[in-house]
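Below, chain A partners chain B and then partners chain C, in two separate complexes.
Presenting the complex of A and B:
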């Protein structure tokens, strides 16, 4: 009760502070060359009140205060404490409060950490960020108040969706948001820098750190979401091209491209238009993603409640931001790239530019695949759904040149490069093709495209591996990230090519056997936990080499709300995952059993961690 | 000159996107669009559920009767939910309910019907999901109201009391 009250009024105070900040910024901007200390302290106060509000919501969840509508809708007394807390952001209102928390946290950190930049720039960044913050305050207070009362007070809550009761999913939103919402600071600062015309090498060095933070968290956030989907949804895949996944992938693509443009800007002060547009695009795509999944225009796991009023608010707000940035871009930005600048065809910046265009292409494929069904529905009233084949067909062929440029590019020099002493580039290519052919020789399906794909991924792999030894610690972050990417592509390809699956119905005690695998359904146990009851099936799976694994998938029946879920049991080894999941067939004593062997699964996760590790190193590395 | 026009073009494009999203928002709650209404039912060959004998679509649907084609599956949880409504509709005897068993295993499907009852006048099978594609179905469960070999209305997702009332109103 008291928590809701404190939480709600903290939000109102936060909003008022936001308005004060506009006023201070206006005064400070015109009159002084030193940052007013009031601005700093008020930003801190705003952050403080948002934190208070957020803590209040967490406490309401912990004490199961069902007079709060959000808690009532998403919690239950029998839930373990951990999921009571994570339930705070497992719903629309709470996750928006988290948005706000990240927004205010980042602007405060920005003001504190930014040195050696003009005061006007800092103030203007604050103003643009406050526009976003105030927008979200209004959105939260007007349409999605997390502290709504219900009376009479219910004695019990409705419970959290069981598929969200999972450790990976408890940390997925905060991590993802740090990247997703963190990109707002890039947006604000790029608008400020464009307005003041201070986009330069110096600015690039300063903003690069912020881009890296967002990028690292976004990468890790997507990874955790993907791991969760792999073991929890029980489909045995890790990426489904679901709209929700796409809306996190799009900012990631834009952000990755931006990261590379910033590197060029840092060295040569060119590509400024790229940097500005990509910075705007990244945050706009994040907002657009929020709009798509929260308004109910697309249906997905993340669509918590379909309220058109909410959708309309974000939509209008999103387009205000878009128009604002377009105006600023065209009004203030004069392309200074014109100073007799030309790209030499064989240089680092040319290769970055080529791959930027490829990234833009991938981005547009994902964007079109995600929003095209909406457009078609509105214009022609036709309903279509766009599935994995669309993305695979359009993306995979273009990965080949992309990978090649990615391998060669870092080995070229800035401005102009020669082809002498680059014989190793050719020899590695031949080795990769031969190796890929040897691996795939015994496969008859699509041998040509797969050989080319795998050889280009292998090529990147070998080249980056060589760079580790030749270049020593020069560009180590880039090298690690690119090496990780080659591993990622290789693992995904092998994972797809060599996966195998068995689907069968088995009773307890029965045995399934084919030439490669023997599945014995040994026994069934029961388990009773605080928030669910489970049936555990014990399987022993062996192959002709005499290796034996014991796997125990579960069927869980959660009590609040009553939902049955299948928990896959996965045995992860270095080279492959064994994945088994069971389903109950009504009124039958047999279970539907699905057993999959997925090679290189672990490597997919590891390579993404490696990619973000490259970002982390770049972040902590001191400039030489 | 070129640079003067460009901003307007871009703003115009985003304006259009805004309008489309806005329109999309209005429709977003309607999950059962009646745009597919008055469409001829497809012509197809299939197998009868219990006997496994070949069947033709023309033998299933007669011209002057009202049918409710229901796509279901034993593994589909929402199908369980809506089953009681189908049973009720069947007992009212105003509409002939036809079942399309979607990507299912005979044993499981049979026990599903044994447990919950069989509201279907006829059941045919769609083993690989191709028939559903012909019908333009998105998934299970889904129901089509059919009269004179024309689809009058399509219901995506499980039926509930509200929709059953609507069906009763339509077939009056």
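Presenting the complex of A and C:
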């Protein structure tokens, strides 16, 4: 009771501080000296109250205070403490409060960490950020208050969806949100800088760190979500082109493009329009992501029950933000990169620009694939879905030039480059093609498109490796990230090419056998835990070489709410994953068994970690 | 005559336009080819010809209709007006139970038989795909 009260009024106070900050900034816009300290203390106060509010919600969850509607809907007394806490952001209201927390945290850190920038710019960034913050305060208080009362007080809660009761999904939302919401500070800052016309090399160096933070968290957030989907959903894949996944990929693509534009802007004052538009796009896409996931519009296999009315608020808010930013872009931004066409066709700038266009193309493909079904539904009420073949067909062929430019680009000079001393570029290309051809030939997988794809990925692999050793850590962050990307593409390709799958229905004691694999369904055990009962099936899987694995997938029946989930058993080795998942069909004797061998699964995760590690190094590295 | 610079810029604009048109065309074309339509058993009954492309069928799993053998699961999807027999040999999602909503993706053999290649999972026992809800009316 007391927690809800304190939490709710903290939110109101936070909102009032936000409104006051508008007034205060307006009054003292030119009076810079005192302002810096006062503004700082007010935004600290705002952060403080949001933290209090968030802690109150966490405590409500910990003590299972069912007078709070959010707790009632998403918690249960028998849940382990860890999932009581993670349940705080596993639902709509709590996750929005987390949004708000990150929004206020970032602006506070921004004010503290930003030095050597004009005071006006800092104040204006704060104002734009406050527009977003106040918007979210209103959204939270008006449409999705996390501290609603229920009376009479229920004695037991409804429980948390079992598939969310998982360690990976407990940390996935906060990390993803740090990435999503981190882009808000880029958005606010870019609007402020445009209004004041201070977009320059100096500004680029300062904002790059913020872009990197956001990018690192977004990358890791997507990775954790993907790992979770791999072992929890039981489909044995890592990416399903599901709308919910796509909405996290879109801001990532925009952010990655932005990161590369900033690198150019940092060296030379060009591509400013790109930077502005991409900053706006990244945040808009993050907001869209929240809107689409939370409004229930998306017809996704991940969909959790939710409320369409809330979507309208975010949609209106989103349009106001987009309108505002376009207004600022057109009225304040003078495109003064007259020099922009003065770089030679063969230069670092050109290659970055080319790949920017490719990324924009990938982004539009994903956007269309995600949004088109919604439009068609609204206009013709026809229900459709867009499957993986659409994305594969439109993205994979364009990965080839993308990878090649990605390999060659970093080895070119700024402004103008000659090809004369670049013989190694061609020799590596030949080596890559030969190697790819040999590998595929060896495995009887000789398909033209695969050979070309693998050779271009190998090309990037070798070129970055060479650059790493020849230039002695000069471009270490870029090397690591690009190397990680080539490894990612290679792992995905090999994973797809050499994966195998067996789906069969077995009774206890039965044996499935084909030329390569023998699956023995040995026995069934039962287990009782605090929040679920489990049926554990014991399998022994062997191949003709005499290797034998014992795998024990589980079928869990959670008590609150009563839902069955399959827990895959995965045996991970360096070269491949063995993945087995079972399901019981309608209490009949047969178990539905799915056994997959997935090569290089571990490498997919490792390469994404490597990519984000590149970002981390770039973040830490001091400018020479 | 126009200067070299103007010509170059004109060429550039034309090039961008062509690329844009080509890209749009490419995207729309593959969208058309790869879209999966959703239909209810009643809609399938009223089809005049059997389409060979992949579709989704949604409705309720009819009570007592699931039967399972070592390599196949078969069941009946109903929207309480019409029904369709589905055969499937693949992995079954957790919440696939009689009397619950289901979406099956695959190919029609004729108006009464559907061969599924995928059955979609749902994570929430109260959740029903919007299509199924609509197809069932306010059941």
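Here is the rule we use: the second predicted complex is superposed on the first by the 602 of 624 C-alpha atoms of A that agree within 3 Å, B and C clash if a C-alpha of one lies under 4 Å from a C-alpha of the other, contacts with A are read in each partner's own complex, and residues count from 1 in each chain.
Please note the rule applied: a residue touches a chain if its C-beta (ideal position, glycine included) is under 8 Å from a C-beta of that chain, and two chains touch if they have at least 3 such contacts.
This one's a predicted model, so the numbers in the text were calculated from it and none came from an experiment.
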Should the superposition on chain A be reported as showing a clash between chain B and chain C, or a fit?
clash
What is the contact status of A:323 with respect to chain B (first) and chain C (second): first, second, both, or neither?
first
Who does A:37 touch here: chain B (first), chain C (second), both, or neither?
neither
Quick one: is A:514 in contact with chain B, with chain C, with both, or with neither? Answer first, second, both or neither.
neither
Quick one: classify A:155 as touching chain B (first), chain C (second), both or neither.
neither
Now for A:390: first (chain B), second (chain C), both, or neither, which partner does it touch?
second
When the two structures are overlaid on chain A, which partner does A:505 contact: first (chain B), second (chain C), both, or neither?
both
After lining up the shared chain so the two structures overlap, which partner does A:530 touch, if you call chain B first and chain C second: first, second, both or neither?
neither
For A:116, select first, second, both or neither according to whether it touches chain B, chain C, the two together, or no partner.
neither
Comparison of chain B and chain C by chain A residues contacted:
C
Is A:379 touching anything from chain B or chain C once the two structures are fitted on A? First, second, both or neither.
first
In the superposed arrangement, what residues of chain A touch both chain B and chain C?
382-383, 385, 505, 564, 583, 585-586, 588, 592
Can you name the residues of chain A that touch chain C in the complex?
161, 163, 233-235, 299, 301-305, 361, 364-365, 368-369, 372, 382-387, 389-390, 393-394, 503-506, 510, 561-566, 581, 583, 585-586, 588, 590, 592, 594
For a test of understanding, state which residues of chain A touch chain B in their complex under the given definition.
291, 295-297, 306, 308, 311-312, 315, 319, 322-323, 326-327, 330, 374-375, 377-379, 381-383, 385, 505, 564, 583, 585-588, 592
Quick one: in the complex, what on chain B touches chain A?
6-7, 10-11, 14, 18, 20-29, 33, 35, 74-75, 77, 105, 107-108, 111-112, 114-115, 138
If we count contacts the way the header does, which residues on chain C are in touch with chain A in the complex?
23, 26-27, 30-31, 33-38, 54, 56, 66, 68-73, 89-98, 120-127, 129-131, 134
